[in-house]
Structure formats: C-alpha cells, structure tokens
Amino acid sequence: MTTAPATPGLATAADPILSVRGLSVEYEASRPGFWSKPTRVQALRDISFDIRPGETLGLVGESGSGKTTIGRAVLRRIDTSDGRILFKGQDITNVRGEALRKLRRHMQLVFQDPYASLNPRMRVLDIVAEPLIVHGIVRSAEEARDQIGELLRLTGLPRDAHDRFPHAFSGGQRQRIGIARALALKPEFIVADEPVSALDVSVRAQVVNLLQDLQKELGLAYLFIAHDLSVVRHISHRVAILHSGRLVEIADRDTLYENPLHPYTEALLSAVPVPHPRTQRARKRLIYKGDIPDVAHWPTGCHFHARCPHATERCSLQVPPLVRKAPDHQVACWHR
Amino acid sequence: MGLFILRRLFQGFLVVLGVTLVVFVATRMVGDPAQVMLPLSATAEQRAAFEHKFGLDRPMAEQFVDFIGDLATFDFGESMWQRRPAMDVIAGRLPNTLKLIAAGLGLAIVLALPLGALAAIRPGGFADRITVFLGLFGLSLPQFWLGLLLIMVFAVTFKVLPTSGYGGWTHFILPAVTLALPAAARLMMLVRSSVIDELNQQYVRTARAKGLRFPQVLFGHALRNALVPFITLAGWEFISALAGYTVVVETVFAWPGLGLTAMQAIKFSDLFLLQAIVFTVAIGIVLVNIVLDVIYKLIDPRIKLA
Amino acid sequence: AEITIAVGSEASTLDPQKRDDGGERAINDNIYETLLARTPAGELVPGLAEALPTQVDPLTWEFKLRPNIKFTNGEAFNADAVVKSVARIIDPNFASEQMSYFGTIAKAEKVDDLTVRVVTTGPDPILPSRMYWMKMVPATYSDDPAFQTEPAGTGPYKLSTWTRGQEVVLEKNPDYWGDAPSIDTVRFRFIGESGTRMAGLMAGELDVITNLLPEFVESVPKSAAVQGVETSVIILSTENEATKDERVRKALNLAIDRQALADSLYSGFALPTKGQLVNPRAFGFNTALQPYPYDPEQAKALIKEAGAEGKTVTLVGEAGRWLKDRELIEAVGNYWEEAGVKVDYRIEEFGEYLNQLFDRKKRPDAVFVVNSNELLDADREMSFAYMPNGTASSNNDPDLAAWVPAARVETDVEKRKGIYAQATQKAHDHYYLVPLLNMQDVYGFSARLEWQPRVDAKLLAKEMKVTE
Amino acid sequence: MAVISPAVPTAAAKPRAGSFSALAAELWHDKAGLFGFAIIVLLIVLAFIAPLITPYDPALQSVAARLKPPVWMAKGSWEHLLGTDHLGRDVLSRVMAGARTSLIVGVSVVLLAGSFGVLVGLFAGFKGGRTDAVLMRLVDIQVAFPGLLMILLIVSVIGPSMTTMIVVLAITNWMIYARVVRGIVLSVRQTPYVEAAEVIGCKPARVIFKHILPNLTSPLLTLGILEFTNIVLAEAAMSFLGLGVQPPATSWGLDVANGKDYIFVAWWLITFPGLSISVTVLAINLFANWLRVTTDPQEREKRFARAKAAERRRAGRTAPTPVEA
Amino acid sequence: MDAISEMPLLEVERLQVEFDTRAGIVHGLRGVDLSIRRGETLALVGESGSGKSVTAQAVMGLIDVPGRIAGGDIRWKGQSLLKGDGPRRAKDIRGKEVALIFQDPMTSLNPLITIGAQIGEVLQRHLGMTKAQARIRVLELLEAVGIPAPPRRAAQYPHELSGGMRQRVMIAMAIACEPQLLIADEPTTALDVTIQAQVLELIAGLQETLKLSVILITHDLGVVAGLCQRVAVMYAGRIVETGLADDLFERPSHPYTQGLIRSTPRLDDRLERLVSIEGAPPSLLAPPRGCAFEPRCPIAEARCGTEPPLAIVHAGASAACWKPSQPAWRDVPASAEPAPVS
C-alpha cells in the first residue's frame, strides 16, 4: 500500500534533503539582572542525522527531551549554538532575514494543537492562502480560490470549507486545514510536530493516512515528531530516539522495533501498553525507577545512567558517542 | 536574598538618580523663586540678594555639580519658603502622611478582603451584586467631593468628629475614610475577581474533591492564592498615595502632610524643598517595591528572587 | 478663656523681622510690639513710645520710650533694644523681606536709655507710619539662633507651643505692661481651604476665621467686617495696541458696574473705588475724585469710535490668592466684552503671573492686581502703580514720573497732599488704571466671641473677649 | 434495563452568537450595563450637541442672578432649573458643557497615552531581549516617578490649560498600556497560530497587525474604558487643585472647585457637577464591567449560565422537581 | 466470583447532566448507568467529550455552574447522594470514602502550599487528626506511593516536583483516608510512557493492598487492557457497552467499541495503514433521538433511528445496540461473533 515497507533502501540512493551535523541548542533560561549574562540551558547536544527525499524520520522521546527544539532548529526558528544544518546541500545554519523567508517556501511545519494553530479570526480560505500571499504568489485570497480548492480536496476537506471559520470544524478537520496551509507553498520537507497527539484515536488514523498519501503523491520528506511509538511505527521509514537532549539510537524502523539496542529504547518499547488484555498481561515490562533528568541540571556522562540497570562507573562519567552498529543502526551506549 | 536586595537597591539608586535629575532641570524652569518668595514690592537689590543667598545666580552647570555633591550627604539645602533645612521640613511632614496612608490603606484592606471574598462566593448572586455596585460606586466618587461631604455630615451637622487638622485618633477618621473608600473599592473588586479566578482553578477542584469544607477552600486556598495580585495592587495604592495622591485629602482636611507641602513648595517655587521631596518620595517608592518583592517571595514559593 | 483662630498659612519662622508673610504676622502681632500703634480705626497712637515722635530735623526723628518694660526673656526694653531692632532689620546681610517698608532708614542712635533718634537717608514724611510696622526685638537674645523659634517680645502674649504644620499656642504674658487681656490662651491653626475653615467655625472648633466669604455672613454664628487695606485694580498699558487709545481706556472704565459687583459678588462687603487706587483711609486719598460712572452705552460708543470693536484685550490675572479674584476677573472681562472688545483671559499660575507682572519690556494689555497698603500712605500706591517704572505700572507719564519721587521726600504735609492730589487727578483723567473695589475684611466669629476687627487687619487677641 | 430516552427537542432558533442583535439582547438583560451604556450614549450626545441645546451660554454671567437655587427650592425659578453659580451662570448649562470637557480630555488622553503605550508595548513584546529589557526598565522608572508630583511640576512649568492637562495626563498614564500590551504580545507570540504565521514567512509587520493586534482589541478596549474613568477623575482633581481647565472653559472638576467655597450656602454648586462626575464614572464602570465579561468568552458563558441558574431557581419555587429536557 | 453477589458500592442510575451555554443546552450525560462493586477495577473509556470526566465529577459532587444534574441518581452503598439528606452525607463521604485523582497533576495542586500540608489537610478534615499526627501519616503515605526521602519532599512545593512525582502526591492524597473507591480521571495522559508505566504499576499495587475499587478513566485502550477487570464504553453521554475486559477486547459487541479497538494502533502489528471511524461524534447540543452512533455506523438500519436500550448481550456483557455483536467492519477479527461464555 505504501512505499515504505517494500523498499526501505529506496531513499538511500538519493542525497539527503536535510543533514544535521553536531547540532547543539541552548535556551536563555532567565536573566537575573539587566546587566548580568543570562543563564543558559542546554536543550540539545551534538545531534546528527539525515533525512532523504521522500523519507519519514520518526523522532521519539519523552516530554522535554528536545523534540520540538530539533524541529524549531531545523526550521531556523531558533538559533543554534553549535553544529550545522544543511538543506539540499546548502548550509542554512545562519540564514536569516529575507533569505530565511524565501527558505520557508521549501520547508513547512504542521503543529500539534489543531485548535490553537489556526487563527480563529480568519476564514479557512484566508488561512490557507496566507503563505501564497506573503510570498507574493497571489495578491489576494480570492485570486487563489481555485488553487486553494485543489488543496482542500487533496487534504480531504469539504468543498464548502472555504468561507467557514476554524471553529466550525472538528479536530481532525482542523488538522487537515493546517496541513493544507503547510502544503500551499509546495514544500519538499515538512516538520510535523506531534500532529496527532491531540486527536482522538478514532480520527488519528485519518491524519496519519493523509500524511502518508501526500508523501506518496508529492514526494515529501517528513520529520515526524511523536511520543506515541505505535503511531511512529506506522508512518516512519527510520526512527530516532531522543533522550534528554541527545540522540541515543537511530535506526531503520523494523530494526529499531524488533532489535532495540539502547536500554532506554527497550524501556520505552516495553512501557507502551498493548490494547489486548491477555497479551498485555503476558508482556514482560521493564519499569525503571526514577525520573527523567531535568534540562537545567543534566547529569554527567550518559543521561540515562541513573535509571539504567546496566549502568557502570563509566556511564556516569563519560558520554557515550553515537556509533554505527549496523548499516542503518546507530546507538549511543557503552554496553552495546 | 541579601544579594537580591543589594541588586535591587542599586537599581533603585539609579532610578532615584534619574528622577532627581529630571526634577533638578524641571524645577529650574518652574519660575523665579525670588519673585515668588519676596513681596510684590521688593526691590531689585533685594531680589539679587535673595538669588545670591541661594546660589541661583550661578550658572546652571555649577549649581548642578554642587547639587550632586550635596546629594551624597543628603543635604538638600535650605527650604526657601521655610528657611530651614529642607530635610527638616520633610522630617516633620512625612510621618503625618505615612500615618494617614497607613490608616487609610489599612482600613481599605480590612474592608476589601472580606467583602471581595464574600462577593466571589456566588458571582452574580445577591451579595455579589450589592458589593460590586458599592465597589463601583466607591470608585466613582471624586475624593475632594467625598471629603467635603463627610465633613458636612459628621463634623458640621452631627459634630461627632473634628472637621480638620492633625491630632488625636478622632482626627484620623474622616481623612482616612476619604482616602480609603476609592482604594477599598479598587482592592475589593480585585479580590473579588481574583478569588473568582482562583475558585475556577483545578487545585480548588482538588480541594473540594478532598471533601474540605467550603470556608477552608475559600480562605485556605482561593483567598490565599489571590493574595499575590492583591499585594501588588495594595502596594501600588501605597506607592501612588506616597507619590502625592494624598494631596487632595490633605488639602481638604488641612492635614499637615507631604502632599500639601509639595503643593506649597511648587506654589512658592521652593526648588530645594521640591527636590528634596521628590528625592524622598522616589526613595520611598523604591523601598516599597523591594519590600513588595520580598513579600511576594514569602507568599509564593515559585518566585525566584534573582 | 481660650480661643482658636484659623489662619490660611503657617508661619515659616517666628522671627518678627525676617519674613513678610501673613501667617507669621498674625502670631507675632500678639507677641511683639512696635513703637507706635494704631487704634482699631487706624489712627496712629503711641505704642512702646511714650508719645508720637518729634522731628529734630528733616532727616531725624526722636522717640521717647516707655520705662520699665521687659521682654519675656528678661531683657529690658530700652534704647539699646530699639537701636538693635533698627540695625538688625536694615542690615543687608540679614536680608529682611520687610525691607520695602524700611528702605529709607539710615540708622538709629541712642540718646539716653529711654530716648532714641531714627535717621533717614532723605526726608521721609511717613517715618512714623513705618515705625508702626517695625517690631521691637531684644538687644542680645535676637542674635541667638533659637530666637527664630522661641520668640521673646514685650507684647501681651508669649509662645507656649509650636507644633509645626498644625498649630501655635500663645499664652498670656503675666508681666505685660499694659492692661491684662481677657483671653488666657490663643490657639492659631493653619487651614488653607476656606471651605474647611468654614466647617471648623460651623462645628464650633474655631472662634475666628479670616477672609470669610461675604456670602457666608448669613450662615456663620457671628460676623464682622471692616474697611480693609486691599484694593483691586486693573492696570492698563498705555503702549499696547489695544489700550493705548485713551477712549478705549475710558470705555473699559465706564463699562464696569462697580456697585453691582460690590453688591452681588461681595454681598456688599466692598465699596466702589473713588476713581483712584489710593485707599480711602490712607494719607493722600483724593477726596475730590468721584467714582467712574457705569455707562455701558457710552462705553460701547467709545469703543466703536476708537475703532476697537472686536479687538482683543489680554487680561492677565491669577486665581486663589485674593478673595474672589477669579470671579472678579471673569466678571470684569464679561463687562468688557459687552462693551465690544474681545477678552483673552490669561489666568496664570502665580509664578508665571508674577513674571508677566514684573516684565518691564512686555506689558500685558491689562493686569489684574490687588494692592494692599498696610502703612496707609499713598506712596505705596504711587510707586506701585502710578509712577512710570513702578513695580506694576504701565504708563510713561512724565508728570507722574516727576511728582511721585518729589512727594516722597516732601516733609510738608500739606504740600505732599497737594502733589498726590495732582497725581491721582492726572491718572484719573487719562484712565491709566481701572480701579475696581475697596475690599472689606470680613471675619467669621463663633457665637461667644466679641471683637471689633481692625482697619490694619491685625488679629490682636488682647482686644478680644468671649462670653461664656 | 430499558431506558426510554427522553425526547430531545431540537435547539430552538437562536440569534447567532456574536451577532449584533445577540449582543444587544445580552446588554438588555444586564440592567446595570444597560444603564451604563445609556449614560455613556447620553454623555457623547451631550458632548456633541451641548452648544446647541444648553439653555444659556455656560459662560454667560449675570451678576444680578447669582446663587439662585434649583427650581424645586423655595427661591428657585424655572429660568434656571439647577440654579446659578456664584457668577450667575446657569448650572444646568455648565453641567452640560462640562460633559464635553470630560469627554475631550478623557478621549484624548486615552488615545494619546494608549497609542504611545501600545507602540512601546508592541515593540518591547515583539523585539524581546535587550530592547524589551530597556523599554520595560523605562516603564519602571516612570512608574517609580512620583506621579502627582510630576504632574504638578510640569503644570507649573508650562502653565495650566486643557492642552497641558491632556499632555501631562498622557505622559503619566501610558505605562499601563505598555505593560498590558507587552504581556499579551508575549503570550500571544507563544500561541501556535502566530508561530504558524512566522513559519509560513509572514513579515513581522504582518504578524503584528494581522495576527497579534486583533487579540489586543478587547483587552485594550476594556482597559481604555477603565482608564477613561480614571482620567475623568484625574481631570476633576487637577481642576480642583487649580491646575486643570482654565475659564471661560468649564469642567465638572473646575465647577466643584469653584463651588466648594460655597458649600454652606449653595450646595447645588458642587452637588451637580460632583454628581455628574460620579454618575459618569459609575456608568462607565458598569458598562466596562459588562464589556469585560462579554469580551471574555469564558466569563460570558458563565454569566449566561448563572443567569439561567437563577432563573431556574426562581422557577423551581413553583415547580420543585427538575424538568427533564 | 464473590464480588458479584455483593451489593454494589456505587451505583449511577440514569444520570443526566446538562450545561447551560449560550448556544443552547449541552446534554453532557444523557442517562448514564454504571455500578461498581467492592474491589473491582472498572475502566471508563470513550472518545474525548463523551462524558467520562463529567461522570466522575458528578459522583464527586463537583458539577458546578454552568452544569447541573438534571435527572437520575447516584447511590453510595445503596443510599442516594442526591436526594433527601444525601447531599449532606455526601460531604463526609467525598474525599474520605471516595477519592478522585485528576488528569493534570501540574495544576491540580495548590502551588503555594507544601505538598505535606496539602495531604495533611485531608487527614485533619476527615480523620480529625492534629497537625502533628497528620505530619507523621503524611510521611508514611509518601513512602507508600514511592516518593523517596519523604521528610524532605513533604516540605517542598509542587513546582519543585516532576510531573510523575506530583501525580504520586495526588495519589497519596487520594488514599490518605483509605477510601473504598478511587476514581482516576486519566491519571497518566500527561505523563511520559515510562513514567506512566510506573504510576499504573503503583495504582495496581495499591488496589491490591488496600482492596480498593478503582474507576479508571482513560482513552488509551492499552492502559485498560493491563489494569482493569471490567470496561464501560461511553459514547455521546451514554454508556454504550459494558463487559469484562478480556471478553470485550476479543468480542466487542457495539459497533463503536469495534471501531475503537480497530483504530487503536498497536505496537505489535505491522499494518501499514491505520484505520479510523469516519465522521465525528454528534453534537450534544441536539443529540440525535436514536442511537447516537448511527450516522457513523456502517451497519445502521432503520430501527437505529430509535434509541437502543443497554441490554445484556451475553453473560457479563451489555450493549446499547439493535444489532449487537455483529461485525460492523469486514476487517474486525472473526472472534467478534457471539461465542459461549467461557
């Protein structure tokens, strides 16, 4: 049905559309005084990955681990403190101003919250046409009516959606409006930041399927951020696991789900409940004591060492690098 | 905390400095004190002598350097109007104003907290509508009018309270009430709306789900959490009273306070006294702000004093 | 008995020679005394001097002092005290604000313990009046810094307490040389707002309030009025476009119904001026002059004739310093507009008002002032408003420029009177001024107080009585 | 068990929420708000047509007709419904004319201070970082500046007049707008749809004006209206202290100040202008109260539900069992 | 099973809750029937807006303006909490015998009060403990919910704790008076998977040791599967199906339940395309007269225009459907056919 399972190697052939190399991001946490230097929190440290055209990279991690931050950094919504971001081979780490605005035509964002991400005061037509207007492709929303109609059809919205306001739509439909807006500029790459987390199970599938169909039709590449491992499994070609600001494992989807290497990935996978009583009861679950480390006070060494059953002295002192264990499988652990 | 206070004191110092500079320039433009202070018939020589005595005949820059020098020693020169050190004049008046503010604001707080909480229990209910109306009414009374009215009723007609002046506690009642009513109304409305807000918070639901009795939910949780905005506004009331807004009350009740003195200092173009008053008040405001921040910290553990 | 008197402003010092403000005067008039005094009606009588002074030569006046008088600090009142008082007040370093009253005095000399001569720089016919204004201070103690706050005088009262910002309390001086006053304690309270003062009187907290609004005479328990020393006037500029035409100035004078203003605005507690600024009680008052009549028709005609119809007259004034000043200004302006000119009211803040008043280069078309004359001598009005280059005058009449200084040194009483008559007549005929009203001082009393207010507006507690 | 579901009536035709007639109906039900609204309309109308309908020229003096009491008092006459003042001017005419001053001063100050404060707030909130810190520190300094003293100072430098007063009040009142706007901008900037606008490549101006500004209208409206009441009171207080409007212009505060000396013989001099201030401010407050609730969707819903609950309670007294819908 | 013969602890009967909104009356609950026995774990599942939280709030007496209980009854151990002197008795029952945990632990604690004091409050209120007594018990409770270093934690404020810890505090507060029934309204949705597992484990443990009855509200079928004996499925303000968990997952009777299970993505399956239920739940402003699921139901027919009663389909399972147990989708597992009770 989709390209993904049959041809995992297909995308490899092409050059990556997006390459991230050694990316680090810091946030200014607070400025104690006007003259004093702001204190900084490291949100991301030394992140590297590639996304190839037409490919979906699933990004999974706990809340606060920095998923959104990666998305924002890649879209150049925040400045990086280190590392490089290459988009179609071009270094975009430091573009800003008008050049950045131009770049927006090629990369877009789909938001988590279908309710808050649409301006309640604008008609659907205006919302979807806005990218075209600000990039000077059309002069008014009316001019783009037909073009927008096509987008609405593509995203499965009713034909009469044009002149209605967002509040007249259900959550799933709103998410489609958001996707239509993202597609208006015909981007090659879309960051989808938890696009289905706020939706009910019964409609979640609609959006996931839509994203998959669009990918097939338009050859889009996705950075698909989610915390729900089951959904990620359905849409991704490859999956990256993020843990408190570091990538701990990145692999081809099936490899990761069937043969996780990092203890954190294992814990994550085992913690996901399966909606089948007997199976669920029979499952062996790894429940590790302890909490997710706090960004402001990251531990030394491997960030997982406090909760890890395999942790040794070394784990608490040295940061394990991300090493390649198989052609498409990298992991950051001293013990694997 | 100590560091925080130090830093705030330093910032406050800058603010005070800025304020004083503005006042220095502004006061030089107010008018010629020699004309105002001396009788209409004073001769030119007398005027010159006067200006010389107060150093007003020197270039502005020179005066300014002197002024800054004296600032360091809290010396604001002699009040031209009272002919004694400006700081002495203030020392005599400031306590009266502070007492008035304390009485007025204290009364306002005592009125506002229970009434606001009462109104918030059932928004739109009878008690609420009555208190809101009273509150809005209190907000709408011009203070000078209210003061005159109170004097008419309580001092002249019923002769139960003194009409004006400073003295025993009976003298405090009318001015304090006049000062308190609008402030009480503002505070009351704030208490009401923030308690309503707090009562809608999830943690209040938790408290109710715990089976706590309503008074405890109201006073132990909602009202307590409503205190932060309340303190902000109460502090603001204090500051604005300090910043001269007592002058109307002081005028109506012949209250020997700082506001009235400031009015007179301006009337007499008493530069030195004016500078000293503004300086004192600015310091007062800065201090009040610091105290407020510390109070916030005591109430709300989430606030970091940094 | 104890009484409470409300005054508008607080004394800034209790040194009787330093400042020139009403708050200080009200108190010190009861503590200190002068060589000469006046009866309530204004007649000069001996005070600390035994008799009126005698003139030794045109520049020298001799005073005989009463014996056996002591200041409350124990110092004796004698020639030394007088010499000291004079020397102190005219010392340029002392910078007394009262110097305008004593500018002509050169020195005082002791003849013997009870005889003093006062020497003037030129002939000064009004020296006796001046000495009625100079309070006598003790010879030694007056150099003490404490003197400013702890006064010691020869008067019927001495200071008991002074609570800054609130009140000054005086108590009877047991060693007073004159008749013992009937009031034991006098309390002065400082209340700026007239409404608040009224309230205090109505509530029975106050016994005497000054500057009672005439409307309230009916409402207060008791009241009294006396011809005061203040006269309101509008000074017209003879240079300015709008007012240089004499016909216009005349019209502006004829347009005003002074009697109506006095009757309604001041409820009758003011009198229309008799065509001059000089106070009717003062030396030099010209009895020959008549009030300008109220003739709106002629005023209109004159304005038309002068081609001033619709021209703007700038009327500079202030508000709040004198009784009903703003109302009076507005009312006068209104009359003028009826006569056909446009009035540009400039009610300025007091400092700015003074700037305009004193600005010799740019005279406003019309300035409103209230002149007060405590010395009761026409020289005051003359040098203030009549003589070109006077403090507030706006004409350049060469005659007036010559006459006024001449009168100032003329010691022959009749000749002096003659010069003033000429001067007032000239100003009257050329309409340099728009004299408005002679004000009366109106006092409000509590029911128990009995007192006849004085022409010189002094609040002398020793003359007061209470009935219980 | 068999539950027979109660018949559910289809929702009756209702005015579309948010439409004008719905608003009007809502206002009609809030008597206090309606009262406020009516007074405000009256005030505005008065301010515009006062010169046409005042019985007398408000500055017209008649020394002969001074201090006439209102018509219902013993010596009152129909000529002067609310009596005359100490210069024989018609109090009713002056009260009507005073509305104009209050309105002009209030509106100008709110507009002036509002636009400046909004600009500063927008700029600070949108730029963030150091700009924000500097601007907000400026606001702090100005807030720490003794407000009334500042007013007194400026007025004594420039001299009192209506323009001076407007400028001075604007100078001392813009900070609140800056703070409120900055706060809203900061929070609205965080909302996804504003982020979305930036991501699709909107220029900052478009983001601010198309996406952020509309969020400001209702809080600013409410704030502006409440500030308006403060200005009316401040204008009155300044005029009372002699630093405000200068004659022959009139203002309620000025009239109270002029009349205060006559409080014992002519109570109507301070009563009518004083009452006008009170009623105006009260009316605006009542209306603003209604408006605040109406522009806050959550509060608006609650108000509706409370009204319903009260209705039901009243109905409940006659029919105690809950009616099944 | 013993529990079955016993009298139910809590019974909800034909409960109706309505909300007054300007758009009209929202029929939040439209006759909910529910009962739970001692020691039983019941899951309440359903789409967002189906009325799960409102049910819990109604039981806890937290329905407030704009909402109101418009009909039906809630009985605790056989005695009504709504009628007669019920409301008064309810005050002492709530918080003591029935306790509630909210979804969002971030906002459910008072930020200005130490967690120790917040837990202690319940003890003082219901068990009449003194402050000192309460303090000791608080430490035990914190220990019991697995919070390390209780004395230090008790003196901390909510913002100093992580989300998982706060939820544990909420649980400690709920079990403080050893209630008989614990209602947990989506206790783990705001938490991460690994922490979620910890909390669920904790609830399961407590249920065992304290012999608690638990109503677990969730929309995550996976959570239900691990923890609950019985499941009630809600749709548009009604219970559309109840049954034992094992049965219900294997043989869902109501088409909605079938759809729900079918669209839940599973970690352990490899379907490339997710499936969903087309359409959206009906507006509760004007709920349909008939079966509320009818517009979305692939096997709807004419009689679905009248409301089906909640009727027993097979032992231990009831469904509100005219065509219960018929597979509504072709890809629904074959086990959906009626089968004898095992």
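List of remarks:
Chains here go by letter, A, B, C, D and E, matching the order in which they are written, and residues are numbered from 1 within each.
Definition applied: a residue touches a chain if its C-beta (ideal position, glycine included) is under 8 Å from a C-beta of that chain, and two chains touch if they have at least 3 such contacts.
Quick caveat: nothing in here was measured; it's all calculated off a predicted structure.
Excluding chain B while holding all other chains in their positions yields a single touching group, one piece.
Across B-D and A-D, the chain pair carrying more C-beta contacts is B-D.
We define each chain's centre as the mean of its Cα atoms; on that basis chain A and chain C are separated by 90 Å. Centre-to-centre spacing of chain A and chain E amounts to 32 Å, using the average Cα coordinate of each chain.
Here the CA centre of chain B is 54 Å from the CA centre of chain E. Chain C and chain D have Cα centroids lying 49 Å from one another.
Chain contacts: chain A has residues 34 touching two or more partner chains.
Residues of chain E in contact with at least two other chains: none. The set of chain C residues touching two or more other chains comprises 193, 195, 199, 202, 349, 351-352. Residue ranges on chain B touching chain D, taken from their complex, read 12, 15, 18-19, 22-23, 26-27, 29-31, 123-124, 132-133, 136-137, 139-145, 148, 152, 239-240, 242-245, 247-248, 251, 259, 262-263, 266, 269, 274, 277-278, 281-282, 285-286, 289. In the complex of the two chains, the chain D residues touching chain C come out as 61, 63-64, 66-67, 86-88, 155-156, 159-160, 242-243, 246-248, 258, 260-266. Residues of chain C touching chain D in their complex: 193-195, 198-199, 202, 213, 215-216, 218-219, 257, 260-261, 264-265, 319-320, 324, 326-327, 330-331, 334, 345, 347-349, 351-352. For chain D in complex with chain B, the touching residues are 32, 140-141, 144-149, 151-154, 156-157, 229, 233, 236-237, 240-241, 253, 256-257, 260, 263, 270, 274, 277-282, 285-286, 289, 302-303, 306-307, 310.
By the touch rule above, chain E contacts chain B in their complex via residues 60-62, 91-96, 99-100, 102, 104, 107-113, 121-122, 125-126, 157, 159-160, 170, 173.
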